[in-house]
Amino acid sequence: MPERPRIRLVPLAASLAVFALVLRAVHALPDTATGLSAEMTAGAKASGIKNVVTAVLLDFRGYDTLLEIAVLMLATIAVLSLRTDPDALSRRISGVAGPVLGALTRAYVPIMIVVAGHLVWIGSSGPGGAFQGGAVLGAAGILLALSGFARPRWSSGAPMRWVLAVGLLTFIAVALLPLALGGTLLQYPDESRKSLVLLVEILLTLSIGASLTSLFLASASDTSEGERR
Amino acid sequence: MTVWLPVLLPALTGVVTFALGDRRGTARAAVNLVGAIVSSVVVVSLVIKSYAGEVLSHAVPTLPGLDFGVHADLLGLLFSAVATVLWGVTLVYAIGYMDHARDRARFFGFFAWCIAAANGVALAADPITLFIFYEILSLTTYPLVVHSGSSEAIAAGRKYLFYALGGGAALLVGVTWLTVLAGPVPFTPGGALASVSGHTTELRIIFGLLAAGFGVKAALVPLHGWLPGAMVAPAPVSSLLHAVAVVKAGVFGMIRLVNELYGPELSSALGVAQALAVLAAFGIIFGSVVALRQEDLKRRLAYSTVAQLSYITLGTALCSPLAAAGALAHLAHHAVMKITMFFTAGSLAETLHVKKVSALPGVARRMPVTMTSFAVAAFALAGIPPLAGFASKWLLGVGAAEGGAPWALLVYVASGALAIGYMVPILIASLRPGDHPEAAGTESDPRMLWPIVTVAALSIIFGLTAGLPGSPAHWALTAIAPSFGGLMP
Amino acid sequence: MNVVHHLPALLVITPLVGACVAFVAGRRVAPHVALATATADVVLAVLFAARVLAEGPFRYRIGGWGAPMGIDLVADGMAALFIVLTSIVGLVVTVYASGYFRSTDPTAYGHGLFWTLWLFMWTSLNGLFLTGDVFNVYVCIELVGISAVALVTISGGPDALRAGMRYLFASMLGAMTYLLGVALLYASAGAVDMATLSERLVPDTTAATGLALMVAALVLKTALVPAHFWLPTAHASAPTPVSAALSALVVKGSYFVVLRLMLDVMPDGYLPGAATLLGVLGAAAIVWGSVQALVQTRIKLLVAYSTVAQIGYLFLVFPLARNGRDVLALALTGALVHATAHGLAKGGLFLAAGGLITRFGHDRLAEMRGAARAVPVLTFAVALSGVTMMGLPPSGGFAAKWLLISAALTSGEWWWAVVLVVGGLLAAAYMFRLVAILIADAPAETAPAPKPVRTEWLPLALTAAAVLLLFAVPLISDLAAASTTLQSAGVTP
Amino acid sequence: MTPLLPTGGGSLSFALDSVSVPYLFLFGVIWTVSGLYSFVTTPRGARRRIFAYYLPSAIGGVTVALAADAISFYLCFALMALPAWGLITAGGTPEGRRAGAIYLTLTVIGEALLLAALALMAVEAGGLRLDMLVTAMATSPVRDLATGLLLASIALKIGTLPASGILPLSYAYAPAGPASALAGASAKVGALAMLRLLPAGVMPENWAAVVMLAGLTTAFGAAALGILTTTPRAVLGYSSASQMGLVLIAAGAGLADPAAVPLSHAAIIAFSLHHGLAKSALVLGDDIVARTAGRARSLALAGLALPALALVGAPLTSGFVAKYALKDAVYALSGSVPHAVYSLLPWAAVGTAGLMIRFFILTARHAQVAPDTRHRAPAALWGGILVLVAVTCWAWPATWNHHAIEAVLDPRALLTATWPALVALGLTAVVRQTRGVFARLDGALAPGDILVTGARLVRAANAALPSRKPSERVTAETGPQAGRPLLGVEERLVTWVTASTLFVLLAVALVLLATR
Amino acid sequence: MTTYDVYVAGGAVLFALGTYGLLERSHLVHKVIAANFMGSGIFLVLIGLANRTPTPEPDPVPQAMVLTGIVVTVAMTALGLAIVKRYFSETGRTTLDADEKPGERR
């Protein structure tokens, strides 16, 4: 029987109050505001990364992205720490894949890998980048797991951990590089800026894909034998 | 730097005692005794220097704009000397008393730390340092009060803390407010608040807070509740702490407050001294009267302490030179007299398991030396010449008459009578043939007997030598003189 | 590259690298990696503090772009103080944890991932104390939140899971509110760097709403009453070293940001009503926390509620900070000394409580009589931490209380002084109740034999440090003077 | 005012003047008679303990009449009152000890009040002599405060209504001899204090009215309470309280109207003499009745009749003289309150008569104590005091008994003196018929009623409050019971819905405050 | 009512809806979804406000913030769901005990 949603007044009132305040705050804004867009676009042009958002993400506010990757990796590790059986990552999820899903996976996964690669490459000039690529890669990983393909033995234990950590480690290495050359943290040397950013992006995509897949696998493992509620 | 030694040496002894732990008894006793003797020597040397006019002082910067300083002036050294010397005597007594008790390391460690704190209070150069050591004293005495761990001890401990921390809070607000009002005010004979004497109402409230804070430890009557309860502690604790260190710190605080912080003129001008005097007078009467009815020996001594301490507070509050000197002298005399009584009570409880006054018959025959010492102390307390009590009482009485408060003389006389009222029945009871069948002459353990005899002798010596320089009475007169512009009628 | 110049960056990167290495290296090596990182961090922190004291505050421009465009790390006295506190307590917790987890079976406690999560939390704390960018604070707060939740749920029991979940939902609610605040603030002021914001801030409704939302979110993360609901269960059900870290450090992280926002970013008098509300909530926290601590029957809950109470003291600085320069200096120094003293003492208290639990096998307060004889060192540690909680001399707590009371009296708002004194007495009530139980004489048959707990010296060290802090107060007041808040207010050290 | 014994240095001075002569006589007689009586009656063993307390009391009691300055007055006052505690607790019974405790607390409070008053007056007068104090009081600003303190201290001494329990307490548990001394002398010191210290004739009108009303209510209230008590000596205690109420009326009369001062002083002295002797005779008589049996007992009861009738104010008794002195003092006053008091005075006599009848009923019921052969000497002493009761007031060389002497022959005066006794007799007869009512009330109040019951009420309230005993208050076992409701609030406060809503409301509040 | 106002208002509605859901719904998964509602609401507000720039392309900084915000929200949601699953497998309940509303399905 659908549970009759008993609306409690006070939380409703609180949420409406928040809504009203936000509207009032937004309404009070002037119609046009430049914010930092002018400096950012000028800076991006100087640094050679055409897509301003990627420039902001990886260059101007690179520190944010570094910590953001750390957040994602931390979440993965936290979910791993919650898993009940130690080798949850490598066990097969049985009993889900039918012939249709199997066929589809075999067709789609290679395409998804190519799309991921393209997204990373296009990142510096158009919308795209490590996160978008990583997401597609993760989806491919999950599709593989669900379709009952035997996962490679290396997918649990030290090698998996390396794959998860490689993105962040390279980013840190690249960030620390300028310290030796007299610059500050994340101050890419101008000439090698583009290539360094690309290198970081590629490895990041790999790690993000692995993280997203293991996020799914770590907590998904016990539903296979648990009866469906 | 030597001025810090009276505080550091006992503290160090405490640390070593804790480190030694329970098993190594002899080593611990040795360390403590050496600590006590060396501290006493240091204090005596400071006294000699101070008599010669050279007041050592040293300060350590802690809080911004204020420093944590001590100075060895005559006034402070009197209290410090009393605490340190009697610490040595009590150690001998305690070793005998705690022969088969548990947790002795913890006991002696905190004991030493209490004396360190008491010396800190004595030598503090400004109200903030005095407050810091005052609170340390509260903290270090708590474990001694709850030493036995029994439920009454815990209850007494809780009550003690309630009063001590309440007083501490009042003192904290008072001292902070004073520092905010008048900046850092070191203790200067004759008062240090001339610059802010305009703010009368604030100064009155601050005086009230400070007097309440000190009043808790000085067992000023409405705030004396914890003292009788704390008698549940072992005898050496009751004797040293509740006759010498803790309660005297409170009263010493009062003396510093009236003579060296506000100064006699300002306190009487503000009218706060008269209020304190009336409260103390009521305290004397109340303490003595209630002592009359106490059946338990130590509680009777506790209430008598409440009364005797109010002697000192009343003397100080009269703001007249002789009365202030009498109060300071009484601080030393009372310490010696009361410690004898507590020792006796302790050895009675330990050897004959006698705790109630009604169980006293036949005790004199079985412990003649102890009871004679008790008798000496009792008569001294009642103010019978030529013993110590009489000297300080005489100064207080004459000071009261000069200070234009004859009624204070009346209060002293009345409580003298009451003192007889609660001391004499003890002596009479102990002289009566009693039901202790064992053979006569089973005196208490020599380690407990000798300290009792020494302090009883001190009560006599202090009385006889009252006129001569070295004695506490004379010492008090010279120490208090600067607060009254050096004039001594 | 001279290390001293890049200290702020290294302070964040070292624990991050440590975390990754610990993760990759696996269960057996992780504790040693953690220990190495901890010692390195302590050294860096001390160097960093020395530099700030010597040369005053400075900004570290990440990526070389400078304030409005890039992200700057602000290296000033306040940040140095909290980082040194984090490193000291962090080192002690790491050593304690290595002893604590050695005895448990390998699959427990997240299959050895404790160390990685712990180092991630350390990174985020250092990042939080250093960052000068409001959006970067959001990311760091998330990092702290997730690592804390993971550390709480690491012991896996239903209680821990429920507590972890409440904590997670609380940080979700907080994070979202904070992000909305940042969005509005950026829309109005056009920048996310604190220094530029403090210049550009104009008192229009959008910026004010944004800042208010951000402060509200941070208040939730610092568990100020009434938003304290998640703290007691979370801190009590986490493993002992984690509870110590949570109570001593994590709550201070979001408090630090509130300090930055209320005192640095907002020109004084920008949110007068909010400052008073925070002060009133602080007073309520002191009373409510202490009363709850008085009635608890389990030792860890008692200590957790004591944290709720002690946080109240920290928020008294805001109403006081509005009355001119010297009151601000007194109040801020007082708050910093209190935060440090509480960090050390509370860390020590939780470790001692953990020791008592391992020694007695349960955490029911009533049956812990006779602890004084069984574990004398732990009892002494508890007593020492009590001295600091109550703000009795000779402890850092006393110095803090002294400074705050002086500030209250100088500013004329004397009622805060009353709150402080009452708070001290209430703290005395629940701390001495605890000590009285431990000291009480256990009935002969249940009196536990004296057997020292292996790492019992650590809590004693921490609480002793809290007491000796009294003599370090001049150092802290110099650090406070070296903070951007006071320097911008023109207070000469 | 010739100072007899000026001590060196301090200013303790004693003097004999017109006021101190009667009191010296009264206290001298009573303390010696009761001293002899107790010497004769107490067994050898207990004698030392009784006399250890009796002697200081006696010294204080007698010398207080001579005290001429504040310090000596206070000292003697204290010397008499405090050791009395020992006399009350001499019996060793737990009720005795509790009565002693209550007596001591009240006495100490009384003394503290007296001390404060004396201190104030001494400061104002700049000297210590009593007469200087009184004269200085007339003009000083602290007059009202000092008088208030004095009246409070006197009230505690003479058992004015709320504290009227103090007299039955001190009579009921002390042994016979000392009890008679307390009955005879201790309350009268309060009367002496009225004469010596109260600023007569200068107080505003309403003060006099208030004091007289207090006296009147005590007279009637104490009598009512007395009827309900069960021990004979407690009844006597209440009758003392009631009689001292009358003395208070006399003192009140002298407060406002300067002309009435000599009359009021005369009335106070008359009443003190009359009541002191009569009451101690009654107390001794009660003991004699307890010691005798058969014919000797009926003879003793007959002997008791004389002081009883004196108290009622029957003609030819000292009470008759005292009553007239009081009437003269009150009659002269103008104003509504004095007139009302004057008309109600005879009814106070009815109350006293009722008390006396109650006393006779209870004494007759005394259990037959083993006939103590040595009751010859106590009986002789009792006889002596009976003679004094009969003779003193009439023979006293003063003016206040002239009016009574003339009135003794006037039949109308005789009638007014006797009808109260008759009415009381009638009432008792009626009451004995309705046994039920009386029986239940019988023994409702232990001696020292309000105070004892008060103490019992306080203890009961104490127990009813949630267990405040320290050991349970805040202990760890189950957490304090007081904590339960607090935990409940916290449990509700900590649930997710309430807490998160509170947070959102906090955010809203902050925003509203910020954007005001 | 410029075009971006519609997105911003929509964002505010989503945020309020998410808040109410997080506060009031007792089922844990509902709470996690509600949190995501709040997240997307904020991102809508951010992007809406970013369009106020005079130049045709919107201000890049809010976009970067949105990207970072998305990743962080994903991380939190993943952790939330993992804990909910683990809690469900341990205790078999889908609500926080203290928030049990009468008539709530276990």
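Worth a mention:
The first chain written gets the first letter, and so on, giving A, B, C, D and E; residue counts start at 1 in each chain.
The criterion applied here is as follows: a residue touches a chain if its C-beta (ideal position, glycine included) is under 8 Å from a C-beta of that chain, and two chains touch if they have at least 3 such contacts.
Remember, predicted model here, so these are calculated numbers, not experimental data.
Of all chains, the one whose mean C-alpha position sits at the greatest distance from that of chain C is D. Taking the CA centroid of chain A as reference, the farthest chain centroid is that of D.
Contact count check for A-E and B-C (C-beta pairs in contact): higher for A-E. Centre to centre, using the average C-alpha position, chain A and chain C are separated by 30 Å.
In terms of their C-alpha centroids, the spacing between chain C and chain E amounts to 28 Å. Chain geometry summary: the mean Cα position of chain A and that of chain B are 73 Å apart.
Here the CA centre of chain A is 95 Å from the CA centre of chain D.
Residues of chain C in contact with at least two other chains: 135, 139, 142, 146, 149-150, 153, 156, 166, 169, 173, 180, 184, 186-187, 205, 209. For chain D, the set of residues that touch two or more other chains comprises 474, 494-497, 500-501, 504, 507, 511, 515.
Along chain A, residues 8, 11, 14-15, 18, 21-22, 24-26, 29, 33-36, 40, 61, 64, 68, 71, 74-75, 78, 82 each make contact with two or more other chains. Which chains touch which is summed up as A-C, A-D, A-E, B-C, B-D, C-D, C-E, D-E. Per the touch definition, chain C reaches chain B in the complex via residues 330, 333, 370, 372-373, 376, 387, 390, 392-394, 398-399, 401-403, 405-406, 409-410, 417, 421, 424-425, 428, 432, 436, 439-441, 470-471, 473-474, 477.
Per the touch definition, chain A reaches chain C in the complex via residues 21-22, 24-26, 28-29, 33-36, 39-40, 43, 59-64, 67-68, 70-71, 73-75, 77-78, 80-83, 86, 158, 161-162, 164-165, 168-169, 172, 175-176, 179-180, 182-188.
On the chain D side of its complex with chain A, the touching residues are 497, 500-501, 504-505, 507-508, 511-512, 515. Across the complex, chain E is touched by residues 491, 494-497, 500-501, 504 of chain D.
Those residues of chain E that touch chain D in the complex are listed here as 19, 22-24, 26, 96, 98-99.
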